[in-house]
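Presented sequentially are two complexes of chain A, the first with chain B as partner and the second with chain C.
Up next, the complex of A and B:
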């Protein structure tokens, strides 16, 4: 029997993962509702803007904050990655061993799961964002190009996040606490990505550090595109920077994976 | 009663010696604690970092920090005392090991609620107390205020425990309830800020539908002496009502338990 081509492998992988994720649709909705940080911050900022002189803080009125934070929430839904938890489990329990026998890097199975989950997520996500927008008075941009641009940036951002989270998850080869590192990484991502406030609300030195990280381009920038506060030039620049980070994270993941496999002596072996 | 106290001591000893076997996990837990306090402080810091921003919902920075302190303290109470027990209820029902708990000659609710502790998250408690102390040191706090806050915080802990127990008890009917923690946290995240920092409809939701306001805002108000008597009385009443309701709910759930294999 000849080996199936890569396209065929990808198709089968994706179809089986999609079937699996469709089984978890109730959980997917609960997972969506659990990421409420940007919504909490949205409500606080909206109330603050209403009480501020002129009804504005740094050019954002209540509706402006609603638009920004709902956009952040929407993009962060597309960037959700849980692979570090799965790797932690697989490495500690030794279930990774069976997956190593396949002629395919286990990473691709996880990647297909995450992408398939996005498809399950998208319908309830759009329903929720419409309801939230109606309640909060958010107004998204009318420029059509901003939507594919934001989606493209989110796709790049998701892949970058997947790769670095994968590398963090692989730390389970050496430590029991890899998921704690993951939580700290999330904090940096949330802070520099702009989940607490738009990035220009931060002290200047934080902003100058942030531009050297991928986080503002994967979360804040697509959100600003949806809010109509960033132009096509910003989008293009962000995409190029994200491509650079993708290369970095690709090799980082690969290096950690190879080093980890040498260390791995499956449980019970 | 003394029997229950003795049991508490035995449970604590057993769970402590089990956890001290894995001391390296402490590093990870410490990172998680730092992450949690980081989120709470960053949110507050950025709001107050804006020029001309001297209050959030009528609360000064120190007063709001008091709320954050109570938030972290509650995270600690949940992580150390509540979550380790509640997260095992669904599993015990799924595997049928709930049988053993129900057969013991002690109250089953007491058994499932007190068996485990997660000492690794004690830093959460310390961070919370530290934040409360440092915030209060710059405010004019009376002894009466501290006593009131302690009493109201005790009600708050009862409220938190009841919500968790009620959510976890649903596992007797719906076996999969591992996401209970997620659901609770999604609403509880709002407790990082005083309720008055939110728009009016949300404030009503956080007071009357999910009583988050009683958990962090009300004890902080008691401490600064800004609490209305009506609210001060409402908190223990809500706690007592919830306790009775969850007790009845628990008894009903146990009554319908049919074990895993039958």
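Up next, the complex of A and C:
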């Protein structure tokens, strides 16, 4: 072991969780294939564009839709978070107790698991994107800066989503099950993030509401960057907004955690 | 706040815990009623418990099921927030869950706690080493010590899910004590283990207490755990502390005798056994009866002389039986075809 301390703890947690996730590598690929809403929407909108006058809808032709939705799928793979389900189980079954006995916030173990899972996911994800791009005729941007910008926004978006989903999972301290809240949160995330259609396809009032939420910046914006439909100024503005949301979600999670611990019944364990 | 004795490892005063439980009638109508108007009941799990433990003391914490033992341990380890009263463990207030406090304690409950299910136990140990920031030399020395006492050789590199129950419990214990805590809360640490494994766990706890001077609170349904380890006994019943003293005085207060179990070669009736003891039950060629402690040898000799006995064993009363004798909460006897009360 290197020098004891937070950095070493982070290193060991990450290495251990990576080893654990590697045990589930086949399941991770199957899980990726199950999250195909964007790909279904891609087929729907491509067919609509091909049948539309001039082969376009609001500036998107079939290849444009393929690029947008494939980008959305790619980014959504980086934003996958399942922590609410795990917390719901741990709180209701009392298995949270063992984690509470250690001098480390259990959040960090979950965060390490999620980050490690991204690494296991990345190779099959790139293979699948290449195959889908070849089949659908998608054309990603040739601007090199768009890729690190999209990745950075996705990293911020993932952390923000992790924090608010964590807070949702903690509602199991008060309710019989917190997963129903998680399902509702997913619907808002998918709709306002642009998983069903690009945000400018929605009614104006929905767009004006959406910009006050983090969802367009964590999902739609990185996808638009990969599709070549957003510029560096958009990326910078999105990153600043996401940093603001990160601060909000950090304190929200902390407040719910502290209040929830007072309610914890530590049942069955 | 009551000042704690300067040398107390655990200081508890008037500790209380009450919580609301939801209640529902069975069936569809019950579900509908519960949906419209939810009924809750306040349960007082712990009602004003007070005691002090000295450093290095091993204390048996006994009581019938639902008496409040585990709830008390959970409050002392910081998992539950007390509804009232005061608790200090190793100088800390458990409910605050400060890192320095968590480094001083451990709580072992059941057999599936800390270990990462899909990886070898060694990986879980390395995670604990990092979380507790244990220096390499201390980690190696601790692992050598535990491997020796618990016999961990050959199982540390096996996937946890492929370990037997006993092997897993050994690893759980080692993981829970890797940071060498000063206060141990052990809640049924031997439950479900075979006799040899129970003895290994007892030996480990005894050895740990002697080497490190740790304070241990132990709950167990096995009398052997308590008699092997604890000199002082706390008994909790219906959330209140009803006994605090040494093991001898507890057993002395119990009217419960020892149990003689018989395996017979030819059947006898319960009436025929009534003259040898109390609480007689007969099931085919098996029988059991309770006899006063002082008369065990005489009654056993008479049974062997008078009946066609294939096997005879003498057992201590269960903790539940002692509790029932001492505090009047008789647990229902196991169903038996023929039973004579107080023959």
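Definition applied: the second predicted complex is superposed on the first by the 264 of 269 C-alpha atoms of A that agree within 3 Å, B and C clash if a C-alpha of one lies under 4 Å from a C-alpha of the other, contacts with A are read in each partner's own complex, and residues count from 1 in each chain.
As a convention for this text, contacts are C-beta pairs under 8 Å (C-beta built on N, C-alpha and C of every residue); 3 or more make two chains touch, one makes a residue touch a chain.
Keep in mind that what you see is a predicted model, and the values were worked out from it rather than measured.
**Q** Which partner chains sit in contact with A:191 here, chain B, chain C, both or neither? Use first/second/both/neither.
**A** A:191 sits against chain B, while chain C stays out of touch.
**Q** Using the superposition on chain A described above, determine whether A:5 touches chain B (first), chain C (second), both, or neither.
**A** Second partner only.
**Q** Using the touch criterion from the header, give the chain among chain B and chain C with more contacted residues in chain A.
**A** B
**Q** Which of the two partners, first being chain B and second being chain C, lies in contact with A:47: first, second, both, or neither?
**A** After superposition on chain A, A:47 lies in contact with chain B alone.
**Q** Shared contact residues on chain A, chain B side and chain C side combined as an intersection?
**A** Comparing the two interfaces on chain A, one with chain B and one with chain C, no residues are shared.
**Q** With touch defined as at the start, can you tell me which chain B residues reach chain A in the complex?
**A** 22, 24-25, 27-29, 31-32, 34-35, 38-39, 42-43, 46-47, 49-50, 52-53, 56-57, 179, 182-183, 185-187, 189-190, 192-193, 197-199, 202
**Q** Under the definition above, what is the set of chain C residues touching chain A in their complex?
**A** 19, 74, 77-81, 97, 99-100, 102-103, 105-107, 109-110, 112-114, 116, 118-119, 123, 126-136, 139
**Q** For a test of understanding, state which residues of chain A touch chain C in their complex under the given definition.
**A** Interface residues on the chain A side: 1, 4-5, 8-9, 11-13, 16, 19-20, 23-24, 95, 97-98, 100-104, 261-262, 264-266, 269.
**Q** Give the list of chain A residues in touch with chain B in this complex.
**A** These residues of chain A touch chain B: 27, 30-31, 33-37, 40-41, 43-48, 50, 52-53, 57-58, 175-177, 179-181, 183-184, 186-187, 190-191, 196-197, 201-203.
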